[in-house]
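Letters A, B, C and D mark the chains in the order given here, with residues in each chain numbered from 1 onward.
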Amino acid sequence: MKVGIVANPHKPGAKAALKRLGDVLETSGMEQVYEKATADLIGRSDGLGGLELAETADMFAVLGGDGTMLNAMARLGGTSKPIAGINIGTLGFLTSCTDDEIESFAAALKEGTYSTSRRTLLSARVIREGREPRDFMALNEVVLARGQTGRLVSLSASVSGELLNHYRADGIIVATPTGSTAYSLSAGGPLISPSAEVFVITPICPHTLSQRSLIVDDEAVIELSPDDTSEGPMLFTVDGRDCIEIVARDRVEVRKAPQELNLVRLDGRSFYAALRQKLNWRGG
Amino acid sequence: MKVGIVANPHKPGAKAALKRLGDVLETSGMEQVYEKATADLIGRSDGLGGLELAETADMFAVLGGDGTMLNAMARLGGTSKPIAGINIGTLGFLTSCTDDEIESFAAALKEGTYSTSRRTLLSARVIREGREPRDFMALNEVVLARGQTGRLVSLSASVSGELLNHYRADGIIVATPTGSTAYSLSAGGPLISPSAEVFVITPICPHTLSQRSLIVDDEAVIELSPDDTSEGPMLFTVDGRDCIEIVARDRVEVRKAPQELNLVRLDGRSFYAALRQKLNWRGG
Amino acid sequence: MKVGIVANPHKPGAKAALKRLGDVLETSGMEQVYEKATADLIGRSDGLGGLELAETADMFAVLGGDGTMLNAMARLGGTSKPIAGINIGTLGFLTSCTDDEIESFAAALKEGTYSTSRRTLLSARVIREGREPRDFMALNEVVLARGQTGRLVSLSASVSGELLNHYRADGIIVATPTGSTAYSLSAGGPLISPSAEVFVITPICPHTLSQRSLIVDDEAVIELSPDDTSEGPMLFTVDGRDCIEIVARDRVEVRKAPQELNLVRLDGRSFYAALRQKLNWRGG
Amino acid sequence: MKVGIVANPHKPGAKAALKRLGDVLETSGMEQVYEKATADLIGRSDGLGGLELAETADMFAVLGGDGTMLNAMARLGGTSKPIAGINIGTLGFLTSCTDDEIESFAAALKEGTYSTSRRTLLSARVIREGREPRDFMALNEVVLARGQTGRLVSLSASVSGELLNHYRADGIIVATPTGSTAYSLSAGGPLISPSAEVFVITPICPHTLSQRSLIVDDEAVIELSPDDTSEGPMLFTVDGRDCIEIVARDRVEVRKAPQELNLVRLDGRSFYAALRQKLNWRGG
């Protein structure tokens, strides 16, 4: 078993956690291979680029929070090999454990006492007349939203070729079940269990109050486009990261990606328990 | 083709609409068979009971609104033969057309220019120690909610054996995609396309503000139960209709029913267009 | 300074907290007088009825949570003398401190290092043809809601004689700023600073999604009434406590009460800090 | 009575409506004076600048929708003389009548059968170290929100010197009662009656779900500021119009403006009726 290791070098405590992880994996007799910037952080010169790492390792351990997971996933090119997130400090939605649990994490890897949670990825294509289409991949969501303006924008969404609606809003989100706990939730969307084979389309601050989130099956192809040629450019964002301008007559096509992500889930950890903890749910 | 006809006798205009439907079907050469109360309304003595009608007819035309559809569906015992709702006056979410369109409706039946939209049904079982379990079937939703009290109630939900949460709330709704436009929507839930194979669990006025709707795949078994033996009985409701009391230590198990409903959809009618119209969506 | 003491006898730890409070007040040289059930709890035979206590004491210390405060306020007949809530365990919205702070609480009383936060009360009158009107007083809210039924109810609200709206909903809440953190919040209402001279009218699960909470100035007279004589009785509830049935043609008139409540606020405690703590607000 | 006339020249039908208004006012014996661009539109060369018009006229008739009203209000420099909006086509929240009602509008002016609805204005000051402060006036709202980025921003709000909260959100809105039906409503805020002397602070898509709108009395001074020096500039927007960049260490102070706006309200028109119509409220 060869474990590929990626860390967020800007996270306080990353270096110490990396050392501990390295020691523990070594003790357990598991091979380690490091991503380049991560290797640099602890003075190793044998780091690999993201795609090479994706090729070489059997599974991945990512040190950092949910944002680090999103970045690592992108750098690894959408690998379907198991990925485990080790959060420094608190628990995240994507991470498998905290850095306090590195020992039991390593033991679980060695003994195979973990399962993987399959996560759908979004594939988004930005189409502009007379240009090569540009392709993006998202784990959480893609967003088409107003750019540098204080006004609502006009945009359309269609589902598998059928008009859903014309919106006057701050923008519109298409999220996976995984992304349902991120921006879509802030914009009023529902939570979605990872096993539900759906996407959610959530308008952001729609002018018409009855324009709620819509759940569609994940075989649907969702198209987003600006509606009004007189408005300025909109922003198209992928997992809160890449950011490109969209102008009138551009179209964004969103569908399920052929790849899937496999998140490591330690035995006894549950999605609902994570919801209860992260969202401060209390019962009685 | 034998059309089974059911009407809401209390709806103004039902009698006139029935006559017109009868005439039009006769002209089109289609056989008609009437549900008992419906037959009585127009002076026919050959009406059949619900289950007998379900057996005899090849498809069903229901005159009335969404409420009439829910009632008819229950009386027909959850038939999977095509059902078409003809709304008197306005358009509903479940109905296929309005009474203004009876001619084109009959033509569509005759020529087969319609499709059916498959709708998942919920099967709910109420379990009480020392009693026979009681079974119910819902097209929209089942609800466990506070009874005759001004206070929040304590209740638990689990999904396929795993605790979802303990709630302090007015109650909790489990809805199908079809029911996503009914009570769940009023309680803050999302819209769900009929083709998404999911249920939505929506807490009603939860005390903890982050307790949003949760989407689960429709293979899940959802269990609801009162949490606090010192609170009075709760109400369990099916499609806003049946209403029984639930006490401490009772449990309600909700799962996908083996039957499905097949709603007639005239060609050119779309679910999204119905959303836009019924929810007063406006774009620009 | 004579301190009137009321406790929730059912709260675990009430007896111990009472003893400590008694000792500390005695040490500080402040006179104590007890409500009857509270006196009984610690074996004193000199307890007074609520109204007599309200008359005798200069201020009040209430041991328990927000619910105990609401009850005590009712039993004291809406006194305007300062009331301090001492919560056992956690902090509440109405309480001044926790039982861990009894010493500093007593010191603050003695040295006068506290202010009072004036809280508007609601006066509600239930009017039925041919009967004496019945009057109620609320600190949080009054609610007109569906009774023992699984269906939405029809009801009207008017503001100072002008129709606000006909609703199809689970019910409707009229809340004070103090009550804005209670049931109205669960039903989707806004938070209201205690110094804002307004009420909030919040529909509960309205069928029409654009029917949001409405803020009105607190000189307004709000009238609620059932709209449909064919529906069963509704429930009228005051601070989640009293509960009476309302039938067709009954009316409920809600206005600002002539009395006000004066909550003791220890120096350095802020309403916004309480919001941040109770609602689990986090920034970065 | 001298009526100052302002129109949105880009609105289809503006020219025809202007002519009719001119004719009707002339017939009624009322003097007319035109804003410059408006005069140009109908070939008059005697148009005045906004401030001169504000000085000269006794009241104002504005032809256009709510956006035109916001613009006219700004150009008239926050006059407190009565302003009547005449919407072309539909009814707005700020407008007094539609262009179908010009005759009855003129009659009401002549006979004085109208009242005015006083509307609070916001005064906002943008403060940057080492620069002259910049002042703005808003009828609806001011907004501090993320600029050209796909990420949430970190910002703080304080109320009269006391910290309200640190937010992770798309931005934050401070709105008047008048603005409560505009952007704040889209972001989840409540409706506010014009007579309530409050502002509403509404976070836009806050990361923490319990961060609801807060109502504060309109004597409060609200301060907004970026929280994180490493994030890019934010956008500050006034009534969806002016748009300036705000950087770390800038502060925005928002308070009630000394001026007020007086909207003409024809007798028999009600704020609640406008809500019901504009928000598609339905009862039974």
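The definition used in the following text is that contacts are C-beta pairs under 8 Å (C-beta built on N, C-alpha and C of every residue); 3 or more make two chains touch, one makes a residue touch a chain.
Which protein is which chain? UniProt says A, B, C, D = NAD kinase.
A quick note: this is a predicted structure, and the numbers were derived from the prediction, not measured.
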| item | value |
| --- | --- |
| Fraction-based call for chain C (NAD kinase) against chain B (NAD kinase), same above half, different below | same |
| Most distant chain from chain C (NAD kinase), judged by the mean position of its C-alpha atoms | A |
| Of A-D and B-D, pair with higher C-beta contact tally | A-D |
| Gap in Å, rounded to a whole number, between the CA centres of chain B (NAD kinase) and chain A (NAD kinase) | 36 |
| Computed distance of Cα centres, chain D (NAD kinase) from chain B (NAD kinase), in Å | 45 |
| Whole-Å gap separating chain A (NAD kinase) and chain D (NAD kinase), where each centre is the average of the chain's CA atoms | 39 |
| Junction residues of chain C (NAD kinase), two or more chains touched | 185, 207-210, 212, 279-280 |
| Touching residues on chain D (NAD kinase), where the partner in the complex is chain A (NAD kinase) | 143, 145, 147-152, 169-170, 183, 185-188, 204-207, 209-210, 235, 237-238, 240-243, 279-280 |
| Residue ranges of chain B (NAD kinase) in contact with chain D (NAD kinase) within the complex | 208-210, 212, 280 |
| For the chain B (NAD kinase) and chain A (NAD kinase) complex, residues of the former touching the latter | 154, 156, 159, 162-168, 177, 180, 185, 189-193, 195-198, 200, 207-208, 210-217, 220, 227-228, 270, 272-273, 275-276, 279-284 |
